[in-house]
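Please go over the structures that come below.
Look at the two complexes coming up: chain A is in both, with chain B in one and chain C in the other.
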Partner chain A sequence: MTLLSVQGLQSEFRTARGVVKAVRGVDLTVAAGEVLGIVGESGSGKSVTCMSILKLLKRQGHITAGKALFQGRDLLTLSEAQLSDIRGDEIAVIFQDPMSSLNPTLTVGAQVIEVILRHRKVSRAQARARAVELFDLVRIPAAESRVDAYPHEFSGGMRQRAMIAMALACDPKLLIADEPTTALDVTIQRQILTLLKDIQARMGMAMILITHDLGVIAETCDRVCVMYGGLVMEEAPVKALFARPSHPYTRGLLAAVPDLRDGMRQRLSPIPGSPPDMADPPPGCPFAPRCPAAMVHCVAERPPLFIATDTPRLGGGQSARCWLMHPDAPEVSP
Partner chain B sequence: MSDLVELIDLKRYFGGGGNRFTGVQPVLRAVDGVSLTIRRGETLGLVGESGCGKSTLARTLIRLYRPTGGRILFDGQDITTLPDRDMQAVRRRMQMIFQDPYASLNGRMSVADLVAEPLEIAGIGTRASRRDTVAGLLERVGLGPEHAGRYPHEFSGGQRQRIGIARAIALDPDLVICDEPISALDVSIQAQVVNMLEDLQAERGLTYLFITHDLSMVRHISTRIGVMYLGRIVELAANAQLYERPRHPYTRALLASIPVADPGARRPATPMRGEIPSPLNIPSGCRFRGRCPLATDLCAAQEPALQDAGDGHLVACHYPDATDPQQGETT
Partner chain C sequence: MTGAAIRALPWGWFLRRLALMAVTLWVIITLTFFMMHAVPGGPFVSERMMAPEIAAALDAKWGLSDPLWQQYLNYLRGILRFDLGPSFKYPGVSVNEMIADGLAVTARTGLLAVLCVVAVGVPLGIAAALNRGRWPDTGVMMLATIGVAVPSYVIATVMLYVFALRLGWVPTFGLDDWRGYILPVIALAGFWVSFVARLTRSSLLETLDQDYMTTARAKGLRRRQILIRHGLRNSLIPVVTVLGPVVANLLTGSFVIEQIFALPGIGRHFVLSITNRDYTAIMGITIFYAAFLILMILIVDILYLWLDPRIRAGAKA
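Take a look at the complex of A and B:
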């Protein structure tokens, strides 16, 4: 069952440097209980896509086209009041840096209680009991007393747990996690990922996980969107993406990371060049200037998203925005 | 002599000062007795979680911080208490590349001036000859002559790191300390920078101290790797030894924590418990015992020394040959 369906989303930022077209026509769907990974480098539009869905863009940000249907309702047409009923209740978000999303002058518990009271008709005592329960759920030790601690008294890992507790306060149907472990050490990242995955499966909650780390994607997601230049370049079930990456950008990304198991000292294969300037993106495929397989046509016209039923070059459930998927294009071996 | 750097029981503490109004401030033992050598021409990787003291160690090594105790030998010379004036000549031979090139480059200087600055300070060449040297350096790091007149904000993160590298190699140093040089860069750019560092090492015979928390990249680039925990080296071994046969339970837990870009890979059954304790309040005995699945009374009573377990594989653990009961197998 489709929980969220984003169609033709476009967002831009009006800056002194000109209009930055951060998201240029993104389609994606999230089924109930599914974990969708969005992977991409900085400036690829992955965070802006998710912030657009909740209309949480900064002041210069504008959504210029598209729909975001959540259980059939278009979030982009809702009023601010209607949206704030949904945010924190049916859809919750956690960010990379928990310190900047927590109010330093309030106890962590007070902030969780505030969310519960905003969305549920319960007494303050009931809300507090729920907060303690949530702290237990995210395995904050001594939950009963830690509820009354201030954010600065928590370590980075514990703050992220508190943020997760707050996000889970109203049993959301969809959790958007924007680089939730990027600021954390690797052993703490392992704890948080295990926790998120465990809670997600237990509560049957859907999750969008935004990250730049292909390892995190491989370990947590069911399906993956690879973004570049404000577009989804490839979408695939997680196993297919790593076994048979079809877009040259995805293949480039996978080749650029050292393989821990294959030993050492093999020369890395970087992707040449740098990502496009989104104030002046290339007219055709945004990856064409860096693509080892680019053809004349790639520079001229933006490729559509080919799906598995269009072309024998894609496996089941896979789609790719690449002219190489066109039946008339030359065969390129990966 | 093949050792470029030798650290002997190096210590760097912060705080502990104070006066009659503030009272005595607590002592933070950031680097707490580190002994290691860096061999000429090698890349010594240094890994550990934030707060383990790896950056402080690097900064103390090049005397940006005054050591609290211990000794630093650089190319056979004891530089622990070398006066600043004499230190200048030594510092020319040790350079540093920082994580955030934007923060470490003066935004009001053009690229040409930034790269020429170390040459000027060292008094090398004339203005005209320096211009040629700078052009050569920029070309070497993949920047064109058209970039020379531009300012740092006009560049991408990867290009800025190239400027930082050009500055670091301008004086032909022996030792380059790379402090998280690729952590702020995108994946596709990281490989470009790492390949360049490897090429420069081969061309110029550089020795690297490569500090990172990225355990995949450190394996790729390092000859030997040291693992730091709470101000101490807990394990130090050749690259393959460390990854294929880690002997310290902390190293095993670290390696098991790395997310693997393969959906079919085996995951550890249980993540390592707990967090790194505060360096203001270091546990007695083994510093890792609070998180260690193997800890016994001996570990609480006595701090294990860093000892050679055979073939230069150093480990500071009372039970270097035990297997962890809780951790799954490391992949």
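Take a look at the complex of A and C:
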């Protein structure tokens, strides 16, 4: 059952340098209980896509087109008041930097309690008890006393656990985790990720996990969207993506990740060049200037998203925004 | 407050602060005392020639012929008893009475001005920040820039000319009825209202851009909750910082404004006492001002403890 369906989403930022077209027509769906990974470099539009869904863009950000149907309702047409009933209740967000995402002047517990009081008709004491329960759930030790601590008394990992507790407070149907481990120590990253995956499976909620780490994707996700230049370049079930990536960009990403099974002899192959300037994006495929398989047509016209059902070159459930998927294109071996 | 809550307060910090305040005040007293005596002349030196015998008799009467250290110790002894001594210039009037008289006038206009700064400056700043780039913001900022840039005596004089002299809506001097307060209070508060409005605006704008404000929105909190609970508390810290000295400044009067509106306040006493070399009055008013300022800074620091738990943690350590 489809929980969230984003259609033709476009968002831009009006800056002094001009209009930055961060998201240029993104489609994605999330089924109930499913974990969708969104992977891409910084500036690929992955965070902006997710923040647009809840209309949480910063001041300069604007959504210019598209729909975000959540259980059939288009979130983008809702008023701020209607949307605030959904935020934190049915859809919750975990942000990248737990250092700056918690208010330094309020106790961590108070920040969890206020979400519960906002969305549930419970007494303050009940909300507090629920907060302690949530702290236990995210494995914050001595939950009963830590509820009254301030963010500066927490370590980075503990703060992110508190952010997760806050997000889970009202049993959301969808959790958006925006690079939840990027700002943490490597040793803590795994703990937080395991915790998230564990809770997601136990509560049966859907999750969108934004990351630039393919390892994280492989471990946690059911399906993956690869984003580049404000577009979804490839979408595939996680196994298919790693087994037979169809887009040259995906193949480039995978080649840039070290594979320790090959020992240390293998050299990494970075993708040459840099991402496009989104204030002036190229008219064709945004990856064409860096693509080893680029054709003349790639620069001229933006490729559509080819889907598996009518593209013999794609495997089951896979889709790719690449002219190589066109039946008339030459066969390129990976 | 419960017993436990009282014990949880940073008493050690508080006692250290009080000790430090006493030391600060002592340094100010000492510096003022010796600097004042280093200036040539004295309270009884005037254009009219005085017989040397009379001058010597006057000096002896007021203890001015004693060695300086003796005078200093005598003075300190007086201060410990909250006695600032008699005025040299106005016979029969003590400096304590002088300050009390002046304060009665100054505090009335000063308190009203402080009220204006808080009740007008802060809300204007908030309104400007919430409407960033739109007309309320532009309007408030334009007014505030004028308020900061134009000296208070210019504003006072222009207002006197227009509203008192030309239109006759308010009296030109005195505080005999409520209309008399309007112009002095506006002239006193104008600069600080503008200053605080600008400060509140920039501080709130900075807070609104913080990540935790996005978190608050992502939690579905209502607009008012987000603004008051998460926004204002954090952005008011710089505002509270300036409010301490502002209160001290406004309550101890302004010589210029008191002169223009012919108000017998402390500010006027202070400047006159300097030209008069009225030693005890200079000392007394300086000490009063310093003590008041130090007290306001202490109050500001206590407010910090309440506003920011990180500072609270630092005070306890």
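Keep this in mind: the second predicted complex is superposed on the first by the 333 of 334 C-alpha atoms of A that agree within 3 Å, B and C clash if a C-alpha of one lies under 4 Å from a C-alpha of the other, contacts with A are read in each partner's own complex, and residues count from 1 in each chain.
Here, a residue touches a chain if its C-beta (ideal position, glycine included) is under 8 Å from a C-beta of that chain, and two chains touch if they have at least 3 such contacts.
None of these values were measured; they are calculated from a predicted model.
Colleague: Specify the outcome, clash or fit, for chain B and chain C once both structures are aligned onto chain A.
Modeller: Taken together on chain A, chain C would fit alongside chain B, as the superposition shows.
Colleague: State whether chain B or chain C is in contact with more residues of chain A in the superposed arrangement.
Modeller: Comparing chain B with chain C, the partner touching more chain A residues is B.
Colleague: In the superposed arrangement, which partner chain does A:102 touch: chain B (first), chain C (second), both, or neither?
Modeller: Once the two structures are laid over each other on A, A:102 reaches chain C alone.
Colleague: Given the touch rule stated above, what does A:239 touch, chain B (first), chain C (second), both, or neither?
Modeller: Touch status of A:239: first partner only.
Colleague: Which holds for A:216: it touches chain B only (first), chain C only (second), both, or neither?
Modeller: first
Colleague: For A:258 in the superposed arrangement: first (chain B), second (chain C), both or neither?
Modeller: A:258: touches chain B, not chain C.
Colleague: Is A:142 touching the first partner chain B, the second partner chain C, both, or neither of them?
Modeller: In the superposition, A:142 contacts neither chain B nor chain C.
Colleague: Is A:300 contacted by the first partner chain B, the second partner chain C, both or neither?
Modeller: neither
Colleague: According to the stated criteria, A:267 is in contact with first (chain B), second (chain C), both, or neither; which is it?
Modeller: first
Colleague: Give, as a whole number of angstrom, the minimum Cα separation of chain B and chain C in the superposed three-chain arrangement.
Modeller: In the combined three-chain model, chain B comes within 10 Å of chain C at the C-alpha level.
Colleague: Help me check something: in the complex, which residues belonging to chain B touch chain A?
Modeller: 49-50, 156, 158-159, 186-192, 194-195, 198, 213, 215-217, 219-220, 222, 239-240, 243, 253-254, 256-265, 267-268, 271-272, 275-276, 331
Colleague: Along chain C, where are the residues that touch chain A in the complex?
Modeller: Chain C reaches chain A through residues 132, 209-212, 214-223, 225, 229-230, 233-234, 307-310, 313.
Colleague: Could you please specify the touching residues of chain A with respect to chain C in the complex?
Modeller: 54, 56, 58-59, 80-81, 83-89, 92-93, 95, 97, 100-107, 114-115, 118-119, 150, 152-153, 163, 166
Colleague: Quick one: which bits of chain A touch chain B in the complex? Just the residue numbers, please.
Modeller: It comes out as residues 41-42, 155, 157-158, 185-191, 193-194, 212-219, 238-239, 242, 252-254, 256-261, 263-272, 274-275, 290.
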